[in-house]
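Note that the chains are named A, B, C, D, E and F in the order they appear, and that numbering of residues resets to 1 at the start of each chain.
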Amino acid sequence: MYTDLPEAELRAYRSALREPDDFDAFWADTLAEARACEGDLAVTPLDSPLTGLDVFDVAFPGFAGQSVRAWLRVPRGATGRLPTIVQYVGYGGGRGHPLENLLWAAAGFAHLQMDTRGQGSGWSRGDTPDLAGAGPQAPGMATRGIEDPRRYYYRRFLTDAVRAVDAARRLPAVDPGRVAVLGHSQGGGAALAAAALVPDLRAAVAYVPFLCDIPRAVTVTDAHPYREIRDYLAVHRDREEAVLRTLGYVDGVAFARRAGVPARFSVALMDDIVPPSTVFAAVNAYRGPVELAVWRYNGHEAGGIDDDAAALDFLRTALDG
Amino acid sequence: MYTDLPEAELRAYRSALREPDDFDAFWADTLAEARACEGDLAVTPLDSPLTGLDVFDVAFPGFAGQSVRAWLRVPRGATGRLPTIVQYVGYGGGRGHPLENLLWAAAGFAHLQMDTRGQGSGWSRGDTPDLAGAGPQAPGMATRGIEDPRRYYYRRFLTDAVRAVDAARRLPAVDPGRVAVLGHSQGGGAALAAAALVPDLRAAVAYVPFLCDIPRAVTVTDAHPYREIRDYLAVHRDREEAVLRTLGYVDGVAFARRAGVPARFSVALMDDIVPPSTVFAAVNAYRGPVELAVWRYNGHEAGGIDDDAAALDFLRTALDG
Amino acid sequence: MYTDLPEAELRAYRSALREPDDFDAFWADTLAEARACEGDLAVTPLDSPLTGLDVFDVAFPGFAGQSVRAWLRVPRGATGRLPTIVQYVGYGGGRGHPLENLLWAAAGFAHLQMDTRGQGSGWSRGDTPDLAGAGPQAPGMATRGIEDPRRYYYRRFLTDAVRAVDAARRLPAVDPGRVAVLGHSQGGGAALAAAALVPDLRAAVAYVPFLCDIPRAVTVTDAHPYREIRDYLAVHRDREEAVLRTLGYVDGVAFARRAGVPARFSVALMDDIVPPSTVFAAVNAYRGPVELAVWRYNGHEAGGIDDDAAALDFLRTALDG
Amino acid sequence: MYTDLPEAELRAYRSALREPDDFDAFWADTLAEARACEGDLAVTPLDSPLTGLDVFDVAFPGFAGQSVRAWLRVPRGATGRLPTIVQYVGYGGGRGHPLENLLWAAAGFAHLQMDTRGQGSGWSRGDTPDLAGAGPQAPGMATRGIEDPRRYYYRRFLTDAVRAVDAARRLPAVDPGRVAVLGHSQGGGAALAAAALVPDLRAAVAYVPFLCDIPRAVTVTDAHPYREIRDYLAVHRDREEAVLRTLGYVDGVAFARRAGVPARFSVALMDDIVPPSTVFAAVNAYRGPVELAVWRYNGHEAGGIDDDAAALDFLRTALDG
Amino acid sequence: MYTDLPEAELRAYRSALREPDDFDAFWADTLAEARACEGDLAVTPLDSPLTGLDVFDVAFPGFAGQSVRAWLRVPRGATGRLPTIVQYVGYGGGRGHPLENLLWAAAGFAHLQMDTRGQGSGWSRGDTPDLAGAGPQAPGMATRGIEDPRRYYYRRFLTDAVRAVDAARRLPAVDPGRVAVLGHSQGGGAALAAAALVPDLRAAVAYVPFLCDIPRAVTVTDAHPYREIRDYLAVHRDREEAVLRTLGYVDGVAFARRAGVPARFSVALMDDIVPPSTVFAAVNAYRGPVELAVWRYNGHEAGGIDDDAAALDFLRTALDG
Amino acid sequence: MYTDLPEAELRAYRSALREPDDFDAFWADTLAEARACEGDLAVTPLDSPLTGLDVFDVAFPGFAGQSVRAWLRVPRGATGRLPTIVQYVGYGGGRGHPLENLLWAAAGFAHLQMDTRGQGSGWSRGDTPDLAGAGPQAPGMATRGIEDPRRYYYRRFLTDAVRAVDAARRLPAVDPGRVAVLGHSQGGGAALAAAALVPDLRAAVAYVPFLCDIPRAVTVTDAHPYREIRDYLAVHRDREEAVLRTLGYVDGVAFARRAGVPARFSVALMDDIVPPSTVFAAVNAYRGPVELAVWRYNGHEAGGIDDDAAALDFLRTALDG
């Protein structure tokens, strides 16, 4: 059932999000610091039972140069530099198993699937630690360090997302001029951030992106992971201002206002995990051209394989052009 | 948590299932009738965005010669006859989308994924009708025609499963001497039936198979789909005997007693959809050699991709030998 | 609690339902076909422990002439032709047990309670099969054949409802000029259809009728049975248009626009199974005179026995006049 | 699913209930006190729309002579004294509406349906107050006055049950030598009490009786109404002994040990409101002949109309003999 | 999540509550009657392990002179008359244990915590019976005697609340000129009543008060205890008018219109037990000065210890002035 | 209801826990390392509204010398060294608010309530970060670093617990020879660890202690926080051995085998968060004298204030002796 705004109001909805004044400086500094760190890019071929694809275990320097893992999947026997998809995954998951998620490489792309620091135990496995201590927090990642923008978990995660693109471009199989970012939910939030923070991508695909219009999100759903933030504020009653300020640095609406590459979004009108108004908040703020799929009868699974099939078309156009 | 028997008792558990006296004749007649029906095998290449695989839309004659759909996926450019996996899917799902489920063909097998008649609207799409009227039933498939073994839904479905193997062997990409069957849950039940009813398969893989030791199953879980049978009996209080007799013709324990090919099972000790005792009932009744994976902390998802990876190894051995 | 529109808006609510252009032709053809079919009317007296009522097992020709069952209950020793109530039952139920539902005959009416094809296993028993195969569907009846109006389950069920009136009029105990239709929920939807499609009834009683303003219903409740339709659309994402077109042929709002006999509706403001706005959609579209009971604090049980008592008064007036 | 003992253990289960030493004196005194009270028996004919039955509003003196209401339903035009059923209703309900519950009179019996003091607001209406103050209690009736046997709610209710039989025998339509008691759940508990405390009944029917083997019941189900007692003990941690002592005076196992008339019980193996072991505790303790219906796939609804149909047969035999 | 009105509308919300015409006379008579009753004030020192506080078991005459219990806690060794807090507790609880709730006396106040008649078994213990019989009711207190204002449970409870202040002023440790009332939820409702009915208090503290704007409350939440009233009306469908009239005598909005002492309220925007609009209804109707704490991310726990800390400041000012 | 073993089996239950061979060395090294770290003990008086108690904000060096916060509450004006209770709190909570938890100091003890690193956002606030990065984990603390005993969260937390005692003994208000430890749930697990690892305590109080017999616990409850470990193992299917080995270093059964001071335990037979068998595992393994409270009708709240009152008696004896 619909629990958010009526569809007509959704389509017109604009977020009142106020970004911190130093938003751009914050991210410029953050990325400069990360890029200044040492850190190796390691690519290890995997002995897999696959005959049509090659899979590589990648380790690249992320936030603070910390090593972040990824899978690289490429069509077997591909030569030359390929159009490339960098993928970020949803909340709770990690890069998973090398035998999962074969679609993108089977369709002829180089496909770099970034692991998620400190997650990877909820529905798919991960292998990357989150090397930072944390103050008091609600269970989960969404409040780890939330009272200080510089110590907030999502600063590290989004920096990893940008650095994954940097790393991809250094891989022999990747055509650095033809890179797109893609993700579901939390991964969609990361794709928006990368689209804003990396100047020369070719496209972004954000399925039901998490982390958009967060101040509204935490009041219109009780579901996790937004619930973690609400739970934190329910206990730390005097920290609303500090918490909302921190969240302003990672809100997808702010990234949407800055991103110019063609983007494909999907939104589900019965989504109670990522409320549709929060997706429209990003869509309606997006600076570049937008293609939008509205799924009227779906929850957070949104378009599923239908989203993937349409994304393949969208990316073929964007990356082959 | 564990709600079924303790692990030691599970490992020793044997079902008290009584098969109908005419079990073998019932299936011999059923298959003979089905094979006597007309019905074309149609194979239509699909225009897909995949570059590493070819996908074909297959229609083959199933129960009563009715047309049943399937996807055939093969490595692009494969020549010669391939070792082949015939897959059946879980309850509520259909053959899904051609871009899903790429693992088996990406690993070099021919992969025929059978649609499920009348289902295919719960979590993956299907395209095959169930051409049979039905008496009063609980919502779902598990009680459609349940008072008469010859009109029961699962007689039709399991016949389709056997006929899918027959069809696979007629496909140019398939080596008819190297065919295995595989499935999860309801699909695992189908794999057991095919292993018993098709004499010359090479292997069977049954992940947390549904439809085993049904008289026990309906008393030890409240979850769907076994719940459908309980709900039927709760309303049709005087039909217990007839219903249990019908179920005796489709119980995986009976098929296990007859199947001789090497089989790989998986069972999850926290599975409340397919209770582990019902899987052990089939495992402990299986006539041929068994490889068993016990997942102590999983529910019905069981080993997931870990099951797949192990199944790939198992099938490589079984089909390449 | 109230989850639908505020009461003042409910009272003014008008559905935007668009009927298919050939709605009237569709039903005229459908009924003509059904009436052209062969089929016997069988009436078998039951040996029951009741001393005040006689109960008969009735079989009459429904859709496509298929045999549909019913109970006929009449006051013992009644002579002459009686005012008559034809009743349809709610989703999941069948005609139940002959010893149930004694009120109407105990109040002096002839009472024909129609069985529901293919249902009758959810909360009361049924004895009538649904003799039609079906394509992929969600569990339950509401999506069986939903992509084709001519194959949709509710075309068959509503035709049965009309044919039940036809059959009633041929029974010796029934005064064919004094027949009313009545039902709860799905049965209320059937009563509306009969009121529209049978020209010379005397009255209709629809308690919290199902199947009204369906396009809205599937977006304002998550509860079954409307949920079945949503679930179907969530998987078959590309079939919204076809599905809504089919539903347009069975929507109670369309029937309400055509029905002229006096009608009594009930609606419950806390009903989350049949949302009150969908009932007001039918009430406010109804062509004939309407008596409406609004239950402010009830869910789908609505007025219960209070609805029955008021319906008895309403029907006495309507049928005795 | 089954959550209580396995069926074989259920059939052998015997309660360890210890009755208070003065159990018999307690009830003898209680009934003597009640019978010594003044109090009128009033019988008022109702103007109902029924043509086959007559309904009377009855008020009779119950515990402490307090007025308790009931409905008397008799076949219209019946002459002479009829075999009679006195019915008690389930927890939360009252005598309901005169137009409900027509089966017994339609089958030729006089039928006195007793109201439940202080309840009658949960699923059917009641009209009888509980004229007694109460100490601290959990919401509901099951702990009202629970720390003192003489002030406990169920002392009053069960006394009403006995006095209802006394009253019935004074009604002109009732044959005082042919009276049976009947009830579901709480009403079944009352029927057991009446069977033990009224010497010359002809039969008792107890469907899934509540209030049997209470010390076990409160540890094997979390469902209401047994939950009320558990909740009370969870707060009043030091009152276990006093509470269990009080409950010993109203436990159906104690009544079963004393009742000699033929009894029909029903039990449902998936009943989580009245756990089946607690019913078997009464069945296996019953002094007189027992007929038992075991419903393997039902919850607390047990045999429903099938129980009623069988009870009609049982009562016909018992009351017509 | 927010399920009530948006915050801006909440802040402007005004209840349409219509009070009975004789509201003031009703309460004047009720209190006059109560004060005319005999009844002793007993104060018994407790032997507790506390070294910093003294605790006394108090019994005072409440409604109809019935004995109501309370705990009095005072700083050990305090001499002279102290500023005093009279506290009422939330639904289901009683005065609890003498070792609980030490904050107020540890902060230097005399603290009289009133028991709740007939409750005290839900989450904290009570020792006070409700000496009144009751007609049919839903489980719980909120419908006990609800059809007659003079027999309604909350008439007795609120009279106790006023009489607790009367009693406090007679205690040697209490400065009768410096008394405030305080409570959470149901206790907040009592504090509002006392603030309106006792002319010379110094302050009132109502945390998320229950019993305000009840006609709205029962339609905007399904949670207990408001649910009890809805459940009653769902069964007693014809009693809406009588029930709403009775509730008009105890509604906190009516008391707020009459109370002039400084008040501190708290409201929680995610409270689904006491919907925030019903608290704003009282806040916006309050005749005296109001201090309001709005907790945006909390449910019914509201400000918890933060509310207490702020209340301490508020009361220090109000009582020391 | 009871879902664990029957009471008689509980009382006899002994855990099969195998401790790692180097268990004692592991803890000796860990504590030696911690004690070797620098780190100040800071005690800051708080300006509170309390008149009977003094509250101090304490910071002491915990694991790796990291600063851990605590509240110290003492009777106002106390002179000399007091018997002292060091308290650890339950999962998700922190040291809370200085105005909470006044009982122990009001009873004359010095009371040091340790904060919980990285928690303190679930139900009470905390102020202490967990200064350690973590690998992939399930949301919550129970799997942070779980694959390596030296990096596991509970190694740090339990070291803090020991160091809190060390710190307490350096406080002027504390009599170092009269210190007891106390905690609920997770805090009870910490009390057991401290009782084993600190040689010269006087007593330990463990209410429904968490972290005991963990291998069993994760298979007999689905509730959090044990659920976190199960969820981790459900995804990291190949890590069972490593995970169970790590848990062996923090299991309360191992600590119980080593602790000799008098201990008071409580256990609740309806506890589904800390299953009673896991508490009996610790009780039955405890080396020293045990006092045990068994609460038959409670869940995880166990004896609540009744546990506190009894603990006060127990501690008075133990600490005053």
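In this section, contacts are C-beta pairs under 8 Å (C-beta built on N, C-alpha and C of every residue); 3 or more make two chains touch, one makes a residue touch a chain.
Keep in mind that what you see is a predicted model, and the values were worked out from it rather than measured.
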Remotest chain, chain F as reference, centres from CA atoms: C
Matching chain pair for A-C (criterion: over half of the contact pairs shared, by residue number), options B-C, E-F or A-E: A-E
Whole-Å gap separating chain B and chain E, where each centre is the average of the chain's CA atoms: 63
Whole-Å gap separating chain C and chain E, where each centre is the average of the chain's CA atoms: 50
Multi-chain contact residues (two or more partners), chain F: 306
Chain-level touch network, classified as line, ring, star, complete or other: other
Contacting chain pairs - touch in the sense defined above: A-B, A-C, A-E, A-F, B-C, B-D, B-F, C-D, C-E, D-E, D-F, E-F
Chain F-touching residues of chain E, taken from the complex the two chains share: 49-53, 75-76, 96-97, 99-100, 102-103, 105-108, 305-306, 308-309, 312-313, 316
Complex interface listing, chain B residues touching chain C: 92, 94, 118-141, 143, 228, 231-232, 235-236
List of chain A residues in touch with chain E within their complex: 218-222, 230, 233-234, 237-238, 240
Of chain F, residues touching chain D in the complex: 1-2, 269-270, 295-299, 301, 303, 306
